[in-house]
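The data blocks that follow each hold one structure.
Same chain, two partners: chain A is paired with chain B first, then with chain C.
What follows is the complex of A and B.
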């Protein structure tokens, strides 16, 4: 045996520090993702559109209060004929009513779409927060503690996913909305909004909990978690300081992907008649009403329809861009 | 040698393997099956063996990162086998670990500053000039620039990351560090740097290492004593020179003959012992001596009687019915 002990005498080693870089400023994973996102033109355009819609969503109630837009005043003088169709071409477009007026009532369509965006985004954001919040907490618990907690949460997810959502939405809506009213929420639309948010949030979390659970299962086997345990870190610290920062990417990506589905889900529910009813405008109930006049007054149908389409498209494109930026190894980024 | 820093007696770690929901046959993987080991203050004990022999599990269990199934762990003369979670938290200031994979042992979302400040926060250690100064000091001790404070792990090479891992373990000023294959994920040239760094730190602070590795020459270079493991059991242990010059156990012999020699002439002339067969399943180890299924000199008795782990010559322990030198003498 001549394993010489000198084998491991190191050769002269280049200095570990790269002197040429000057003052060292670290680029965080976030900064790198942001740079990547900035380079993605489609995502940036989508982002500007989202910002545009968010500004509208915030501004619309203020403008309404200031009297700049007016969603409720009836203009019987602007509709005519047996169907009470808007006077003038393209649904009665004029300087005062840039997108025309509603048939029958003569309410200003532009104002109603703006406020509809507010309500739709508010509902979608609230439902997203609920479903993502529930998903993160339950997914983290299931993945981190495993065992009985994982099993119960897993079966609960199975149960919820096996449940006929749409049926329940429609069939149980009167009963449950009444329940919500009984707890003190004002009757009518406020109760219905609460119901929609609750239903969307409740049925939305299982998918996300599964994603988070899978992430946590793989993360907790990484040695940095063991290193934290080895240093004597408590479980809460490991969950919130070690694991959670690694979950922000899926949280953001998932949120940006479910948010537009909630916008269209609200529209679908209003369309099916379990949603918010006029005079409170939403894109959904505008669409539902407009279908009756689709041939006679296409502007009334196209304006909210296109708005909904653009909102959902902007969020989806941005979500895709966000995913590519945060997870560059995902196949879509590689396969373009 | 007075009271050792760490004494492990009859340590066992069994992992139950679960069948499916409906299956009943549960078996037990005996990852560590009766390991006894002593580590004196300031010394380095190497733990070698092939993949799956339980050496990493032994390292983790002796720090109680894993709960031992049975056995006794004494640290500094105190039985720590059953101490509660809070006590264990305090003990983490005395015993630390360096991990194998420098790419997964550092949280990718934390800066180096955050990673190295964590030990101070978790253990509530007051640094005289503030935590930031202490972290910068740690960075320079492991050969990194204090300027790296705000950088993220992904901006470092494997060797640099391993230095950060070492700095993290050193932050609490422990007396014992279990190094779990700390260089096996690194390039050979970088391995030497890290080994030298570990040795420098030991010379400076008198820290004790348990050095888990499968690379025999690395272990020989750094270790004062070496224990050879096979299938959850220690086969042989001795001072490293003794073990490498006069191996007694046929398994040690086979391992040593598998390591290439730097001199090609010697390498060609050497008799090679190639082990036949695969490593038996640790859930169903062979009867008697666990190595007998692959041992070139196995006899009937090896299947019937488990060889005692006994001191063959002073400081040289071996678990074999037919230690090599007796073979030669016969």
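What follows is the complex of A and C.
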């Protein structure tokens, strides 16, 4: 790591304190943070859950292509009655359909949830990358150049944050989805997915930019930046080689907070009618459709809802642990 | 102080003008034709053209924008056409200032719709605000005082669970399971407070709980972190050492300092909810600002979309300002 790591190296870790004898081994801040994270049982469980979901997210489209899971085949023989409700108990659970089938269409719910996880995580990750990218670049510029650049970026942030975000997410949909289709993205869901990623990413960057800017403002006064300047380092070198490595901690922590909110946002957009539409499954549109059967077919209502909840919870728990590990000041002041 | 207020008010006005310009530019670039939406099934191109002209949609966007802005301070007529005014004055809708426009789709003045919607949103916001503030801070303080206990873990865990549940999932669970299936809570609905305060509260209880659950979680975490930090301050030790009773140490010394930063977030959140709780209102079918906006977006009812977004932005910006003022009063270290 860089020599500029003092930010979170100050506090020794109780769990990793060496025995009294033996030389004290030097550890980089990253090693310290990793050790802290490992010692946090809840965060580790959450991490395993996240890995589990990521594996599902990657595997689902492959399984779909191989025909192991099937999200689209209609099973009219498995639904019956006036509401076309699934036959059998608990929403038609059977060996072939471990979570039952959808009312009306009879599509396999388990497969649809798996593929829904793929889309939801892909959207959330892509939107987070956009938010981080924009936020880091603009935050760096604002914090380092200050003056006019800082002022204009600051006003732009104020402007974006003044918009009612959720309302804008859905209000912009008719305008922008069409524009995206015009640029050559296939009509329908591909355009909608592009729109959701773009708009979530765009409304998220101001928060990143603010945090990065504040960090840069304090870092640029530090001796190691001064030293680099004295040695004649170029601006770009100072920005990317000296400052950026010190910004990874806040970037990671904040990404872990933002990512699950993007998963929920996808669901909220589906609920409000501007999300991705079936037959492409997302946790949001499954939940949105299942709302109509909340009392008649609780399995159908609870399965996507609880999946969504567990995904978001895992990210939140891990994010908490990450914050404790990387930023010793937060949450652990006092007590210990 | 006075100078600060004047400066801020000017910058707010500038901000709102910027927002209104961008909203107009965005929404009037919508692919849908607002004039087409003014008449139902028996539509002929001639009627569409007549309506387009009568409602001013044939004018350039810039002119439409200034017409809208003029309407905020002076009255307007819809349709604004001397020929119609002469031949059939009864078909003219008069819009007194501040005029927010006319929804041809719904045949109503936008200001009338907003006037009907706002009390509903305000009722939801105020009750939920009280609930989440009291609940969130109470649980937060309690968990800080009981640090390390099972109670603390349970409370913090529960708040994280509530935080991870999507808003509409909580709302639907409450609505479908608690209210409809088991009849444990009265169904949601709006009765004006002045008509019957009891019925008002009864109809609002589920939306209040829904919103409060989502927000309270954040306050639990913030309050807890701030309390822990404050309790480790030297002045708390001093207070204890000089024999101040423990409750006074906690309430007067610790809570006062720990809760001041929360005022900022509480104010911003209240502003956000007052700008329209789209999801909660949609779940419980309450025609507040948020649902009015969502419905208008689904119908591509441009005048309503523009008005709702602008109004929401105004509320958000206003609350930003109020929070800064309030903070200066509460925290003696802040000077404006």
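Points worth noting:
Throughout what follows, the second predicted complex is superposed on the first by the 305 of 336 C-alpha atoms of A that agree within 3 Å, B and C clash if a C-alpha of one lies under 4 Å from a C-alpha of the other, contacts with A are read in each partner's own complex, and residues count from 1 in each chain.
Here is the rule we use: a contact is a pair of C-beta atoms (placed from the backbone, for glycine too) under 8 Å apart; a residue touches a chain by one contact, two chains touch by 3 or more.
Since the structure is predicted, the reported quantities are computational estimates derived from the model, not experimental observations.
In the superposition on chain A, contact of A:230 is made with chain B only, not with chain C.
In the superposition on chain A, contact of A:262 is made with neither chain B nor chain C. Residue contacts after overlaying the shared chain place A:29 against chain B, while chain C stays out of touching range.
In the superposition on chain A, A:164 makes contact with chain C only, not with chain B. Chain A uses no single residue to touch chain B in one structure and chain C in the other. Chain A meets chain B in the complex at residues 1-5, 7-11, 13, 16-17, 23-29, 222-224, 226-233, 237, 241-242, 245-246, 248. By the touch criterion stated above, chain B contacts chain A in their complex at residues 63, 65, 88-90, 92-93, 96-97, 99-101, 104-112, 118-119, 122-123, 143-145, 147-152, 154-155, 159-160, 163, 165, 168, 172, 189, 191-193, 195-196, 216-218, 220-221, 244-245, 256, 259, 261-263, 266. Chain C contributes residues 15, 18-19, 22, 26-27, 29-32, 144, 147-148, 160-161, 163-169, 172-173, 176-177, 180-181, 225, 227-232, 272, 275-276, 278-279, 282, 290, 293-294, 297-298, 300, 305, 308-309, 312-313, 316-317, 320 to its touches with chain A in the complex.
Residue ranges on chain A touching chain C, taken from their complex, read 158-159, 161-164, 166-168, 170-175, 178, 260, 264, 267-268, 271-274, 287, 291, 294-295, 301, 305, 308-309, 312-313, 316-317, 320, 330-335.
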